[in-house]
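Note that the chains are named A, B, C, D, E and F in the order they appear, and that numbering of residues resets to 1 at the start of each chain.
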Amino acid sequence: DFLNALHEIIPAFGASMDNLERCRLNGMVDCGERHKHIYERAMLLVEQVKVSKGSPLVSCLLEGPSGSGKSALAATVGIDSDFAYVKIISAETMIGLSESSKCAQIVKVFEDAYKSELSIVILDDIERLLEYVAIGPRFSNLISQTMMVLLKRFPPKGKNMLVIGTTSEVGFLESLGICDAFSITYHVPTLRTADVKKVLDQLNVFAEDDVDAAAEALNDMPIKKLYMLIEMAVQGEQGGAAEAIYSGKEKINIRHYFDCLGDIIR
Amino acid sequence: DFLNALHEIIPAFGASMDNLERCRLNGMVDCGERHKHIYERAMLLVEQVKVSKGSPLVSCLLEGPSGSGKSALAATVGIDSDFAYVKIISAETMIGLSESSKCAQIVKVFEDAYKSELSIVILDDIERLLEYVAIGPRFSNLISQTMMVLLKRFPPKGKNMLVIGTTSEVGFLESLGICDAFSITYHVPTLRTADVKKVLDQLNVFAEDDVDAAAEALNDMPIKKLYMLIEMAVQGEQGGAAEAIYSGKEKINIRHYFDCLGDIIR
Amino acid sequence: DFLNALHEIIPAFGASMDNLERCRLNGMVDCGERHKHIYERAMLLVEQVKVSKGSPLVSCLLEGPSGSGKSALAATVGIDSDFAYVKIISAETMIGLSESSKCAQIVKVFEDAYKSELSIVILDDIERLLEYVAIGPRFSNLISQTMMVLLKRFPPKGKNMLVIGTTSEVGFLESLGICDAFSITYHVPTLRTADVKKVLDQLNVFAEDDVDAAAEALNDMPIKKLYMLIEMAVQGEQGGAAEAIYSGKEKINIRHYFDCLGDIIR
Amino acid sequence: DFLNALHEIIPAFGASMDNLERCRLNGMVDCGERHKHIYERAMLLVEQVKVSKGSPLVSCLLEGPSGSGKSALAATVGIDSDFAYVKIISAETMIGLSESSKCAQIVKVFEDAYKSELSIVILDDIERLLEYVAIGPRFSNLISQTMMVLLKRFPPKGKNMLVIGTTSEVGFLESLGICDAFSITYHVPTLRTADVKKVLDQLNVFAEDDVDAAAEALNDMPIKKLYMLIEMAVQGEQGGAAEAIYSGKEKINIRHYFDCLGDIIR
Amino acid sequence: DFLNALHEIIPAFGASMDNLERCRLNGMVDCGERHKHIYERAMLLVEQVKVSKGSPLVSCLLEGPSGSGKSALAATVGIDSDFAYVKIISAETMIGLSESSKCAQIVKVFEDAYKSELSIVILDDIERLLEYVAIGPRFSNLISQTMMVLLKRFPPKGKNMLVIGTTSEVGFLESLGICDAFSITYHVPTLRTADVKKVLDQLNVFAEDDVDAAAEALNDMPIKKLYMLIEMAVQGEQGGAAEAIYSGKEKINIRHYFDCLGDIIR
Amino acid sequence: DFLNALHEIIPAFGASMDNLERCRLNGMVDCGERHKHIYERAMLLVEQVKVSKGSPLVSCLLEGPSGSGKSALAATVGIDSDFAYVKIISAETMIGLSESSKCAQIVKVFEDAYKSELSIVILDDIERLLEYVAIGPRFSNLISQTMMVLLKRFPPKGKNMLVIGTTSEVGFLESLGICDAFSITYHVPTLRTADVKKVLDQLNVFAEDDVDAAAEALNDMPIKKLYMLIEMAVQGEQGGAAEAIYSGKEKINIRHYFDCLGDIIR
């Protein structure tokens, strides 16, 4: 039924740029040296894939805590390369499908990629693609075997390919042996206080006097959670304050900000 | 067969307000500060969803012991928002269905919600939706994966959404990683003696001299169990006393009340 | 196939009183205060269901060692209520059925009950309905989830219902979380020596001089096992003595009685 | 498919006496007091079933080490009763059948038995019927649940029934809870030296001087294994001696007998 | 589907002698007293089966380390008996079949054997027939149950049968309870130095001065591995030496022999 | 469905040499004595298979860490033999197939091989063929049983065969018992510093002064990873340097080389 599954696939793949952009709904701000370094290294791999002779397949894993910016980073590399074929494989578009259908979709994307001279495939949130859950643990071995083979299989002659994976369960992937299947791994970190400060400066929603206190309260903060916190704080204690703050007329009430923080990091 | 399952769904969703009201058959009484605080915070999230730009999806988990009032609270937030689409997803309407049919129904509710500009979806008793049982433990990984993806998937552009979950098995959800998938979590507590006193005063079924003793015997009492206890006590030792008490002509026999209490909390 | 299963059900439900009577083939004798107390309390719940306003569903679990009289007690409450709909759900009528067929039958009984203004449903030998076996342990999670939902689902407006469960594996039910789903739990005990004495006096099969010795040899005896013991003893050492004893012409040979006791409680 | 399975059953049940006799291919010799006692007690149960009023179902489990004579004993009780319906349920006639077909066959035998006023059903080698294997352990829960229900289900009014089970895995049955489902349990032992002596005397294949030594070498010997040992010894060291010994012309070479013993009990 | 499986079986059984011979491709050499003893005892069982009255079924298990000569021994006993029906059941002819098809084939061989007055069935490599693997462990319970029943089921009246099993996983068979199902068990050993010497003398591929050293280097050597070692050594260090040695013109280079030994027993 | 699976196989097997060459995309360089020794020994087995009489089946396992050159080595032996039939069985061509289809394909290759007088079958990456994953562990027992039987089954008379396996999970294969099924096992090692030096000299991408430092930084380096490292280093820090280096105009920047090394062996 794997073959059937392959045929069932609706050719829904095409306007992928749309999907890539959805990975960075909050845009990309400068959030510190470490994020920047990973971006640069990943772009070097893009280079390598372009000119390589011996190794037509290069792969790179971005791992890090939930919300640290992995998917946005991978999408950005995909967008900034000028490759003809850039696709993201995500569990979002495969909800409720059987293991073998998911498997078929993943294979389909790789087969399509093999047709382009230069291609990037993003395996987003690999633990979710594998239907991983810590209790047991349980996961789809069918999909994990498929991935391990795809990560070692060379594209046909004359075609070169970059695979970028993201995960927040690197320990699990390691025990599966999937980490080893990647050429290289980068750790995407949470934000340190200094990074947070940088981001808050760019967002400009705190009174000048408050921004330091606001940043100092945060360490090891994932960029995604930081955005959620700000959005909560922006509503104000009674609600209704958001518009005024976004338009710059008001600033976030620092006390309410700390309340929200308490709720969020419990 | 997931796709089949999707088609099989009878469009039984519509008059949902009815379901919401069934979650609070005993009405809503004032049962203390802590319940009130959660209600207010949840209403702020309703606000945030209305005005948000960057984060079209906000989610909130209400966890607490069995009978502490989670479902009634979630339903009340749903009713008090003036959102066009408010639906409760409950195991009650899915008895005996296969995992994939349940999964399809859950997805269906989200897909429907995506069509409204503002929507609330309540995942009631998540452990029951997941068919969780502590022995093993066992649960439906199909449904848990679906939930984890749905809790991170953004609605289409221009649509905003609040998801409220309830559970009395927060430890289990945590080890699944579902807690992390919620933006925020609130603990719905049992009633302390002072809270019980407040409730008993409102119910007015004890003689004035007894109400303090009646309340003091109870600490860490879930609101739902309190209602059951009162109803038992109201029958009287020989039965037949209920009508007189409800109509205010008589009061609960305190000794019989203590007997019932003994039976119930063994 | 759950829906199919529902349709397959032969409308074999109707003359249920017959089944109820089969639960007490040996009749009901007075076997002590503790049994009587449970009966009275259960009858009070019958009352409560009749007059209740706020809680249309009351449930009560009878737990105790094998043979202690749980099923007979539940059946008696069912018979003594004057409710229009009283049904017993027992594994006996579902031998060899698949989990989903059993599940469908259980649901069917509840759905039927919902049509009566006042109803009693007896879930007899819950561990057997759940196909429980201690090794593993193994059990049907499909049926246990169904039960847990049914035990919390309110009947439609205007319909009230009492659910009585029986089990000799209360520890197992507790770890499933099924105990918590019942409003109240009563422990049905084995007979103490004094209780046994009372029963033997009523049966009148011992010589006057022997009855005390016969009773004193027994403590923690389930009522059902006591009946089996008496029946064995009644045969006499060489067989053939039963008729004479039952007709009152002879009495049980006390030595043979002790032999039988030795065989039975090894 | 249980119902289908029921229909598939070829009405191969009829000439059951044949099967019963096959359980005692070596005939029945006197092998000691303990075996005799069990036989007598089992025959008393036959009596009880005939005259019982209150308990239409009596059950008895014969447990003991492999080869101790359980099946032969059960068959003998079946033959010696003069009941109209006596059937043995054995794994031998169900090789390769699915769990549900086996289950259906077992149920069929009980249903047939319910039609006779007096019946005996032998569940031979229960662990084999349950497909038990110690590793895991594994077994058929479908069949074990069916058995547990059948062992408690009363035949219809006016029909009485004796169920005899045999097993060499009493510990396993106990942990399943199947032992408790039997009214009574008897332990069928191996032979002590004195019992062996009795048997050898009856077989008359040793020289008079050797029979004591032959018996003394054996303790805790199952009757079935004793027969195999004798048959091996009877061949003689070079083969070909059997006929002479069986016809009484020669006796077993005691040295070869000890060699065989060495091979067999390693 | 077991019944279907039975019908699917191609009547490929007939020229079995062919299969038996394939079990001893290297012929049979004298490899010591212990192997000889087992052969003789097994031939006595052949005798016993011929003349037996009481026990129409005798069974014998050959267990020992991998390559110790079990299959060749069993085949030789089969060939040397002059029984009409001698069949070997081996996993080789059942590759890729489902459990139930394998099961059906095994049953088929026994059913065919029941038609001959005297028959031998060889269950070769029982752990492979059971699809055993130590991790888990995993194995086919369907096949193991079938085997246990077949090993205790008597052939029809007037038919006698010998079953020979081989295994190198006796510990596993013991924990399954399959060992107990055999009447007798023999341990087939590896070769001691003296046995090796005997074999090497017969093969005559070493220079007279080397044969002692060659033998002394080996202890606990399975006969099968010994053949492989000799064949490797025979090639010579540069290859091409085999013909000269086999034709007797040259002898094995003892240094190269030790190199091969080093490679093989690492 | 195994038989169906057999028929489904597209006769895609033919131009296998192509596949063999794909196993050594980077060509074969001299990488030290130990690799060479294994190659020579394997070629001796090729010899043995050609001239063997007694053992028509020889098998050899190449085990070693990921990337140590096992597949390239096996392919080279296959190419350098002048056998008519040389096929590689790899998971790459069986992505997403069911266990039984994979099983059928493996059997098909062996059956085809049996038709040639001399054949080589390469089982590449056995753990991947077995769908092995360390968590659990999980693997396909169907495929492992098939392999164990195929590794012991002799080709038909007159046909000789060499089977070469490769694996980087030798511990797992050992616990399955698959290692024992191979006649001989060789360990393919990583490169020591001296081996690395040899390879770097041949590649000629470092300045003369740097090559020693470059080699000394590496110990226990698999040959495959070494190629990836060089290719990364060749891009230069800003990208764009590859062409100049490959054409010999420039050399690798040693500092950038160390940076890449840091990224890769984290």
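What we mean here is this: a residue touches a chain if its C-beta (ideal position, glycine included) is under 8 Å from a C-beta of that chain, and two chains touch if they have at least 3 such contacts.
Since the structure is predicted, the reported quantities are computational estimates derived from the model, not experimental observations.
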Just to be sure I understand: going only through chains that touch, what's the smallest number of steps from chain B to chain E? 3
Chain B turns onto chain C (C-alpha superposition, degrees, nearest 5) by 60
Farthest from chain D in C-alpha centre terms, which chain would that be? A
Check the residue numbers that chain E and chain F use where they touch, and answer same if over half are used by both copies, otherwise different. different
Centroid comparison with chain B (C-alpha atoms), farthest chain: E
Chain centres from averaged Cα atoms put chain D and chain E apart, in whole Å, by 34
Taking each chain's centre as the mean of its CA atoms, how far is chain C from chain F in angstrom? 67
Report, in whole Å, the distance between the mean C-alpha point of chain B and the mean C-alpha point of chain D. 58
Which of line, ring, star, complete and other names the graph you get from chains that touch? ring
Going round from chain A via chain B, the chains run A, B, C, D, E, F
Listed in rising order, chain D residues that touch chain C in their complex are 1-2, 6, 41, 43-45, 47-48, 51-56, 58, 100, 103-104, 107, 137, 139, 141-142, 144-146, 148-150, 152-154, 175-177, 180, 183-186
For chain A, which residues are in contact with chain B within the complex? 22, 25-26, 66, 91-92, 95-98, 128, 131, 133-135, 138, 227-228, 231-232, 235, 239-240, 242-243, 246, 263-264, 266
